[in-house]
Every structure is written in C-alpha cells, then in structure tokens.
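Take a look at the following structure, please.
When the chains are written out, they are named A, B, C and D in that same order, and each has its own residue count from 1.
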C-alpha cells in the first residue's frame, strides 16, 4: 500500500518537474463569448434572429435548384485561398448518431465521401463520435488538432455554447474548420452550414396550426427535452405565434421522443378533454401521438410532425390535416463538398444557410413515392437520391 | 495453531491494485500493437495528451465515487451534481476573472451541501443509497430542467486554462486530478476518517462498536464524493466555457462506478482504494483513445466496454475465490476439478 | 386495555402477513395517490380511463415482477431497459411489416430473452461478477450491439398482429375495451404470486436471505439465481412486446426503464439485497409509480418540475418504510 | 449466601433491571468482580447472561440499578465508553474487519496520530508489543485478519481489549469455536491476564472450563440472580442444579432399548482431497459414530466432502453398499444424507424467513416440496417454542433455532445424519433434547455421524470414536474410552 502512495507522489513530482522544465505550450485564448446567442439566464428568444429566419423562408436561395444542399440563402462569400492545399485528410467530429435523423444524415455523408474518395478529392476520412457527450467531443476535437494531420475539420457540435472554446482552439491551429447543424458562438470557422433554423421550423408548424384550426381550439405541444438550442428555438417561435393567436395551449410536455410516453401523455390529455391540434418540436414518435387519438376513438387532430417517413405514411393513410416541417437532412452532404471547395481555394459562404421548407399535402405524395423503399425512420428530405449508393445504403442499414 | 502459521507472502504482494496496473499495462501493450499495425504510435504526444485528457473528468468523479463505495454506499447523483455545479460555477463567474474564486467557492459549498443531504438520507433515514441518490438525482434534474433552459453563464478565459492548457504532455486538468488522487490516497491512508471508511464498508456494526460514528463517516464520504463531482463540474465549465445541464445524460454515474470497480474496489465496500480507481479510469481512457484511433464504430465501442468491464471484474472475482480457498494439505492426486457451480458461495453472505 | 392491545396486535399481525414488512407504505401511498387523482379528476375512474391506465401500467408491472424475482434473491438487473429496447428493435427489423413473420419472430425474441438472462445469470453466478456490474455491462453490450446491427436507428416495421397485444383489446360494454395488456399483466402477477408459493419461489427468497444456508440445504444457488435472471429477461421481453405494441418503434424505446422498475420494486418495500418482500408489493410499487405520473399530469405540473417531485416522494416513501429499521434493535424474545 | 465483598472489588453491579417491550429480562441482578479473578457467569439460554454482559459492555442501558467502577458510579451509553473506562468485551461473534490488518483492527476508532495524521508505525509497534507481551510474537501486526484462524481472531480481540488497558474483560463463550488445543492457548492467555490483575467475566456452557478456570461463579436463572459462590465450594452437579432448577441425574441419555447396530449404511474407503487423505470410515445403522479431533484436523472437511460441498478426489464413497458420487448437496440429500452444519446462523438458517419456510427448505429445494405435511408434527415433537410457524427464526433462541435446523433435516427422513457440533452454543435443556433425539434416531435405525469438539459429548454419546489428525485418521476408539485417550490420538502424543 505504501508503494502505491509513493507511486502517486512520484507522478505528482513528475508533473511538478515537468512544470519547471517544460515551457507551457501556447494556448489559444478562450472565447470571449461576445456573440452569445442566448442570454445568460437561458432565454431562448432573440427577436431579431426570429424575424430574420422567418424572412429567409421566403428568400430565393442562390445555387442549383436541383441540388438544394449546394444552395445558399443570402450568401456572403468568403475568401478561402489561405486554406488552399493538396492535403486530402478530412476529419469529422460527430456529436453522435443517437437518433434516426442523425443516422440518416450520417449515411448520406458517408455516401458523399465515397464519391469524392473515388474521384480522388478526399484521401482519408477520419471520424470520431462523441456519443452526445460534450466533454468527449472536446477531447475528440483536441485529438484531431493535436494529431496535426487533418487538412480540414468538420464539426457537428453536440451543444452550441459548450463546444465554442474547442472550436476556437481548432480554428487557431490554422486548419479550416467547418461547423454544421448546431452552431457555436464564434465566427472563426471557414464556414458554418445550417438550414434556416429552429425559429423557422417552429413557425412553420405553429403557423399551420393557427391557419387550419378554428379560433379557441386546443393545442398540445410535445417536446423532446429541454435545453437544446435547435429545439428551444422551435418552441420559442411556436410560443410567439400561439401567443398572438386565438388558440388555447393546453400544455407542453417533455417526452424524450419515446413513443410510449408520447402516447400515454396524449391519451391522458384526451381523457380530460378534446385536443384539436398537436405541435411537436421533432417528429420522433409522432405516429404514437396519432394512434392515441385512434385508440381513444377521437377525431384526428391537426398535426405538425416532421418529414420522418413513419409520420408521413400515417398522414397519407389517415388523410389527416397535417404538415411536415423539415430540418433539412441533406445538410449532411454540404460540409463534405464545402471542404473540397475550400481545399481548392474556391469561395464559400461565410454562413451557409441552406433552404428549409416544410412538406405539405401538395408535395407529400411525391416525397413518399421517392422514398417508397425506405425504412420508416428515414427522413424524406435526405437529399441523397443522386448518390451511387442509393437506395441500398439507406435501405439496408 | 493456524494462528501462528504464515501464509505465502506472494499472494499478499500481488494485491488487487497491482493487478489493476498490470491490466492497464496489458491494455496499453495490446493497444500500442494495434495502433502500430495501423502505422500509428499510441505513445506519441498527441495520443498521450488525448488519453490523459480523457482521464481527467472521469478521474474526479470516480475518485469521489471511491469514497462512497468503500463505505458500502453508492452515488448515482454525481452526473446531476456535475451538471448543476458547472452551471453554478459558470453563472457565478459570469465571465469576470475576479469572480473565479467566488465561483469555485459557490460550487464547493453547493456540492458539499448535496453530499451532506445524500449522506444524511442514507445514514439517518436509512434509505438504500441506490434509491436515495437516484432520487436525489431526480430532484436535481427537475431543478436543472426548470431553472436552466440551456447552457448558461460564462467562464472567463483565465479559468478556461484549467480545461485547456497543459504542461508538456500533461494537461493541467489531469495534473490537478492526479494531485487530488494523491490527496485522496493520503486521506484514506493517513487520516482517521479515511481508516474509518474502510471500517464502515467492511462492517458498519464493527465500526459502530469501536466507537466510530458511522453516520458521520458515511456523510463525509458522500460530501467528498459530491465535492469531487463538483470539481468535475468546474472542469466541465472550464472546458465548455459555460455551464451545461445536459452533462447529466452522459452517463458519468454508471461510468464512475464501473471505473471504481474496475480499479479493484469491492462494490460491497471495505476493500480497495483510490490508486486502483485511477488505474480503472486510465484503462477506460486508454480504451477510448485506442478505439478512436482505430476508428471503431461508436456502437461497437459500447459493446467492447461492456465486455471489458465484465471480464475484468470476473478476473478479480476469480482471484478473490482463489485467495480465500484454503491451503491444500495434500498435493498428490489429480487436481480438484474446477467446479462449474461451487455450491457454497464464497464470501460473507451475512452482510447482504 | 389489554383487550384493545391484543386486538391491535392481532390486526397488525394480519396486516403484516398481508403486506409484509415495509410494504404497507406502498399500499397507503397508492391509495393516497388514487384519492388525489379522484379529487382532481373523477372522470379518471370511469372505466375507459381506467383501462387506458391499465394498458399503460401493464408493462411496468410486468417489469417490476421480473425485477422483483432478481432483487429478492439478492441481485439486481440493470439490463432490462436496454433489453426492452433491443427486443422492440429486433421485432421491427425481423418482422419488417410482414404479418406472417409475427409468430416466428416472437419465438426468436423469446429465445433472445432467455439467452440474455442466461448470460446475465451465469456471469453473476459462475464468474462471480456483482450483478450491478454484470448487468451494467449487459446494458452497454445490448445498447451497442443492437444499434451496430441496425446501423444506429431502428429499421423495419411491426406487423398489426404483433401490435395487437399492446394496443388492442376485447371490445365490451361498460369498459368499452378490455385491453389485452390487462389480462396479460394479471396473469403475470398471479403467476408470480403462485411461483413464490412454490418450492422454487421459497428457495429463491431463502437464497436471497442466506445463500450459504440455502446451498447447504441442497439449493442449487447458481441455478436458482440464473433462473431468476432468465425470468427477468423473459418478462422484459414480454414488456417489450407490450410497449412495442402500445406505441410502435421509436429509437428511444426502453430507455431508463431499468431504474423505473427498480424504483417501483423498492417503493414496494422489497429490500435491495434480498430475502424480503412480496410480488404483490412490487406490483403495487409499479402501479404507484404510474399513478404518480398520472397525478402529475392531472395537476398540470410543469414537465420540468416532475422529476424533483418524483425524487422527493421516492426518498420520503422509502425512508418512511425504513423507519422500522431505525428503531433500536430489539433482542430476540421467545 | 453471597460472598462478602473484598477491598479489591473493581466492579459492582447492583440491582440491574432490564426490560424489552415490557418483558423483564433482568430482575435486579447483582454482580461484583475482583481484580485478578476469573468470574464465571452461568445459566441456561434466556437466563439473562447475554443481556447482563451487554449492559456491562454498554450495548444496552439498564432500566434500573447501578454500576460502580472502583467505587464510582458509571453509566455506559455506548460500548466505546465502557471500553474507555477499561471494560472490554469479547463477543462470540468477533467485531473484526477481515480486510484490515491486526494493528488496524486493534486500534480501530482511536488510531494514534502524529501531527493530525495516523501514525501507522506507532500503531504497528504498539500492537507488536502487546502481542509479544502475550508470547505471541509469531503474529505480525500487519497481517490481514482475514488470513487468521478463529483462535487467531480471538487473540486479536483480546489484544484489542488489552490495548484499552482493560481492567475488566468479559468473554462470551470464548471456547465455543475453538478446538481443544486452541483452548489450551486461551487458558494460558486467561491465566496471563489474571496474573496481571485483570478481572475476567467468563460466560460458558462448559462445566469443565468453569472448574478449570474460574475462581467464583455466578448463576442466573430466568433473569434473576441465583447465587454467587467460590468454585471450590460447589460440585458440578450442584452447579447444574442451580442453573436448571432440577438435578440432571444423567446428562447423556442412555441408549434406548432395542437399538442395535445394523448394516453399514455409509462407507468411505481411501477418501482424500487436498485437505484429507486415506479416510476409511464406516457408519452403521443404529450407531452413533463420533468424529473427534482438533479444529482443522479435517472433521468438517469430511462432512463437506460427503455432502458434495467439497469433493473427494480420491477413494470411494458407498451408501448401503453401492458406490455413489455425490457432487452436490442436492445429490447428497437425494441419496439420504443430512448435514446439520457447524455454524447455525451462517450456514443453517435464513434468519429473516419464517420457522415454516426454514423447516421446509430442503424439501422445497430438493424434493419439489413433497412431504411438508409432516413438518408441524416434527416441530412439535421437538418441543419448539415459538409464536407459530410464521415467526421469523431470528427471533428464536439458539436452542430453538437448532431445533428448526434439525426439523429441516428430519423432514427428509435421512438414512445417514451428519451432525457437526450439534449442541454448540445452546442451553442445557436444548442440549438434552438433542441428545435424546439422537438416541431416538439411532433406535429407528438412522446412522449418525457426530462431529464434536466437546470430549464429554463424544464420550457420552458415541458408540465408536474416530479420531482425526492433520487430515488423516489417527485411530479409532470403542465406546467407553476416556477423554485422555481421545486427546492423545488427536494431538499425536501416542501412536495408537
């Protein structure tokens, strides 16, 4: 036992010696947090951003209409010649593949990489997965930076604010950094790729309910979990719109995206009275909500789900009044293409805002047909139909 | 008569802590070979830094968890304490370097308070620690979900150095963790309360009869555990630059228990130590790094971790059985077949 | 005075036999929660609402019975949550919407459940790994393996036949519909009660109390415990069938259920560490947990506050049930 | 009657009363201890010995009465207070931590400190000095208690008491788990302590020890003081009469009429494993065969090997002439064996379960629950006093607990019964019941193998005595042999 103690002391002593002999390495200073998107007390609603996103929905994106993943809204092109290089090692720090939306996107991304590998644009594609653990992802990013042989680092942050220092450190290493999906509170990266955003998503859904429901109708909001910015923005927008409407909000419940919980909660609300509309911040488990109405023998509600196929199929089968807001899944292709563009020194938008429009009953059947072979937890606007792996890669997961 | 016979010294020399470090060396060796086959070097600076960084956060949590497990208790609320403390630290500091000490103090006080509550619920109300700390975790979760709608607060860049800078290949956070580990070892080996933790975990009744205030010891262990989780929360804040409630879903509660047990500490308490826990944490960190370098599928990682944890603990258990077995008097004849179902379980059934 | 004392003592003995040890608390709590719900929303007690409650509560009751069997023999099963998830995903992937595959796939699931329980049990009994660690490992393995197999998100679809048990019921007057889940849960509980009265159940609880004495009496301790783990896994499989049937496939199915089930059992006064408690008490614990969720809903308690209230109630209830043990030790008197 | 108090009285307990739940357990008991005396405390189970000891130890607090230490009144609220006042107790169940060292156990709760830190060196040195003082320098203070034998652990308890400068040490049946040679060591230790002026309160059921060791004896009955007498003034018959209130003319019942040795039911030929070698043993129907020997000589190991708990790796076991391989307790039960284990609480009973559940355990475990209808009859024939089958066995006295264990095995209708220390730690009345039962079983044709450390019991009950030494059979003696010849074989003083 004494020996372990001595060993422990030795380690400590070693650390101290190292401290005196080794110059502490220069570190990137942490973020100054000047661009915090939300205020410190956790308020999620920023009116300017909200209005901007709502406006962006109606703007015409620039770029090829048949390749929405290359389109951009209001692009402000940035020069990337400083990053021009021959290196071909692409590193990707993924937050996780812990939900079907991310799984779908991840497959699309891999297929896109395969294409570019064959064309010789990408050499090695290195991935680390943080399993939704922010600290793990910070380590993952640090590992890429320390390894020193990444020619570009793509980051899909697991939480916005928390990854900021790590992303800044990555930027400081001189490697082009591409962030997509959720953002970070810095603009040091070469480009930040995302669809219009959470406000637009939440507004699409809420506006549809306001539009289709009689004044005084009752709406239930189902949410996955608190504290995630992209989801909180959706809810903030919905609250804004419902607040200005004549709809009665029965409540908002966290479900963890678990079908059994969703069904239970909706069933309980139905026991206590009618529910005319369902607003969801993400479509996971939407079918369970619909089934709750079926099993209770009630009329279908007006519903905002997501472009997840199980919901869209249910929507078609039942003929209910619904909308599928979209958080463009095809965005998973864009960072790969952007990396290659940056290596070539081509200009890319500083902030690459991808189009994001909901699926309505007009184009629903079209999307269902295109994705006819796809599994039920697949996302309709995945944007990989032109990739060589289609459809097997998405079908046989 | 057997009182005066001495057992072979070898079995005592190879304690479980040594075994843990032997396992760590084994994992390092296998990892190094696998990485080398892929043309890498596991002991390159980048990889070393990566391993050490990964060990720091879990290191703090597992360090604290060791105290409670040694006492025969358990803390499932550490993840929530971490999350809460990261938020309290970050919001108190609010980006002002002058408020760093205040933030640290606030965290330590809150964490100690939660530990105190845990300890009192376990020792005074006699609620099974599994349920007590699970319940406490829920209480904190509710508070977090209600109060913080997302990441909040801001950590000044000076404090972020705790999470990001390093001395040579040794990250500051890991260095602090190692210092904490040394202090923890000293605490267990050189203070009365430390001694008494082994006693309470070994047999609460014996400890009580020896005049040890078992309740206080358990409370102290829970306070230390919560404080360690609080420091982990500070590290989280330093690394995130802000406080985040979502840390609680990252599974540090069960991971820390796994690390402690992997470090050779008996889950029922009374035997083990922090040196072993550090070994357990390092094993998990090395596995993570190696899996990352080898680009192991994230889901396969979970499978491998599960298998490694079970296998390691099975090996410890096997040794425990061997050590308890009586010394053979007659060596001749065929060796006793390893019974597939030793009908009489080894160990003390009485304390269950 | 003496007569009153005797009568009280007699009544207490009867109650003690009925509810056993710390289990009285859970029945009181259950009654309290139901009264509160009744007060807030009398319509909850209309038959259709009750049936909906039964449908929702059935899986947890079944899981609690399984967990009870493991806890009462001195162990713990943390793998049930991910097993439920794994079974639903397996069902969806293998059935893939084909009605004809329902029965064969159910058999595959049963076999898989038995296999998982067998591995859990043998790792605990033969390799001597503490069950908390063994089943934690199994939880990780199942979580990872099932996603590795399906590429991260569930694929395929359940057939209508598969979903029948968890979702549908027998149409009848008054109740409107008797959900299949209710008789299934009742059968499980009755079978559980019956099992605990059988020699196997008695040896199970004795093993939890004193495994050495059990072993010396000819109990095959390893076998008894392994069977308990197998039963727990099989019941988790059944719960999976109900949950999958109730709500279909989602990626998060089963998450955290192990803790809910353990909480339910402990709330029922079953002592972690084994040797004490009854199946009925475990069932009451599960119903209490579900009733609490319902009560929160009726109270329109904000979603975020619920865990706090839940945590406080659990700690308080278990502390209340444990107050017996805080009294000074009473010496044996005969 | 009471002996006049002398000036060197260190402890005086006067009028001690104690009740539990309104049941009075001690009725105004008086007890005084003098420096340098061994004071025996006797009485049947339930007489109040343990309660009195625990009042002295500070485990319980007396409802009435006074305790004076050196003439000053004291009240111990906690065992620690008693210890600090110089009153230490060595309980039957040791209060030791198996995973900690001897020194850590000895100084548990008051580790010496230097500059706020525990001074492990001083702790070890002090422990070593205490061990040396008892002539036990072969024990090193840094040895883990787990690695010690029962006797060794008892030594640690005594050293612990001495480390408190104990002036009064009470011992609760200290020889219960010791083999005869270890008893010698204990006698030596008790002698050493007495010579140092320590007052020793010695609780035992064994008359021989009382007469070997004690200076005075106090007898309790039903919670009341019967008498305190100097040992030279009383015979063992008188002592027993004082305890039970009736003379026991013949402590060991005679063989019942019609008991005849029948066929060999159990035979071990050349049995051996890593603990045993060359075991040849026959047990006949209607015969009580005793296995004698020192602790660790292999007696219990034979029982375990027979019962499939350990195994014979060599040799043959035959039941009724047919070779059998018993690989588990279950197979042993199926073959008609029964084993009443040595350690009742750890190996014999599930204490939180009811009398009925314990009694039917073997039937449940092995025979699918068949035959449980007989259990109530068996329990009542054993005169079990309990509040009914639902009562949990932890609430029973040691004697009644042993009856439950016996009932459990009788229910299986065994052909061969192995009884390992069947009367350990039970009161005289229950002992008698066990002996009578053994005679009855014998008369019915059950073959009995009795393992015992009590030579009187071996001599008084056995038809044949097989003596073990170091895992081998040292010799066999016929009924009516004397204790000395058994001892000689067991210790190897003579070759048989």
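For this structure, a couple of remarks:
In this section, a residue touches a chain if its C-beta (ideal position, glycine included) is under 8 Å from a C-beta of that chain, and two chains touch if they have at least 3 such contacts.
It should be emphasised that the depicted structure is a prediction, and the values quoted were computed from it without experimental measurement.
Common neighbours of subunit A and subunit C, listed by label, are B. Averaging C-alpha coordinates per chain and comparing to subunit C, the farthest chain turns out to be D. Just to note, of A-B and C-D, the chains joined by more C-beta pairs in contact are A-B.
Between subunit A and subunit B the centroid-to-centroid distance comes to 33 Å (mean Cα coordinates, whole Å). If each chain is reduced to the centroid of its CA atoms, subunit B and subunit D end up 42 Å from each other. Spacing of subunit B relative to subunit C, judged by their CA centroids, is 29 angstrom.
Multi-chain contact residues of subunit D, defined as those touching 2 or more other chains: 309, 328-329, 346.
Among the residues of subunit A, those touching two or more other chains are numbered 97, 226, 254. Annotation for subunit C: residues 152, 210, 212-213, 215-216, 220, 275, 303-304 touch two or more other chains. Pairwise, the chains that touch each other are A-B, A-C, B-C, B-D, C-D.
Listed in rising order, the residues of subunit B touching subunit C in the complex are 121, 124-128, 130-132, 134-143, 145-146, 254, 257-258, 261, 267-268, 297, 299-307, 309-310, 313-314, 317-318, 320-321, 340-341, 343-346, 349-350, 352. Those residues of subunit C that touch subunit A in the complex are listed here as 41, 43-44, 48-49, 52, 56, 59, 150-157, 167, 176, 243, 246-253, 255-256, 293-294, 297-298, 300, 303-304. Partner subunit D is touched in their complex by these residues of subunit C: 17, 198-200, 202-203, 205-206, 209-210, 212-220, 275-276, 330-334.
Of all residues in subunit C, those touching subunit B in their complex are 74, 123, 125-130, 132-134, 136-141, 143-145, 147-148, 152, 208, 210-213, 215-216, 220-223, 259, 262-263, 266, 271-275, 302-312, 314-315, 318-319, 322-323, 325-326. Across the interface of their complex, subunit B is touched by residues 59, 78-80, 83-84, 95-100, 104, 108-111, 113, 116-118, 120, 136, 138-140, 143-144, 146-149, 151-152, 155, 181-182, 185, 272-277, 294-296, 308-309, 311, 313-314, 328-329, 345-346, 470-471 of subunit D.
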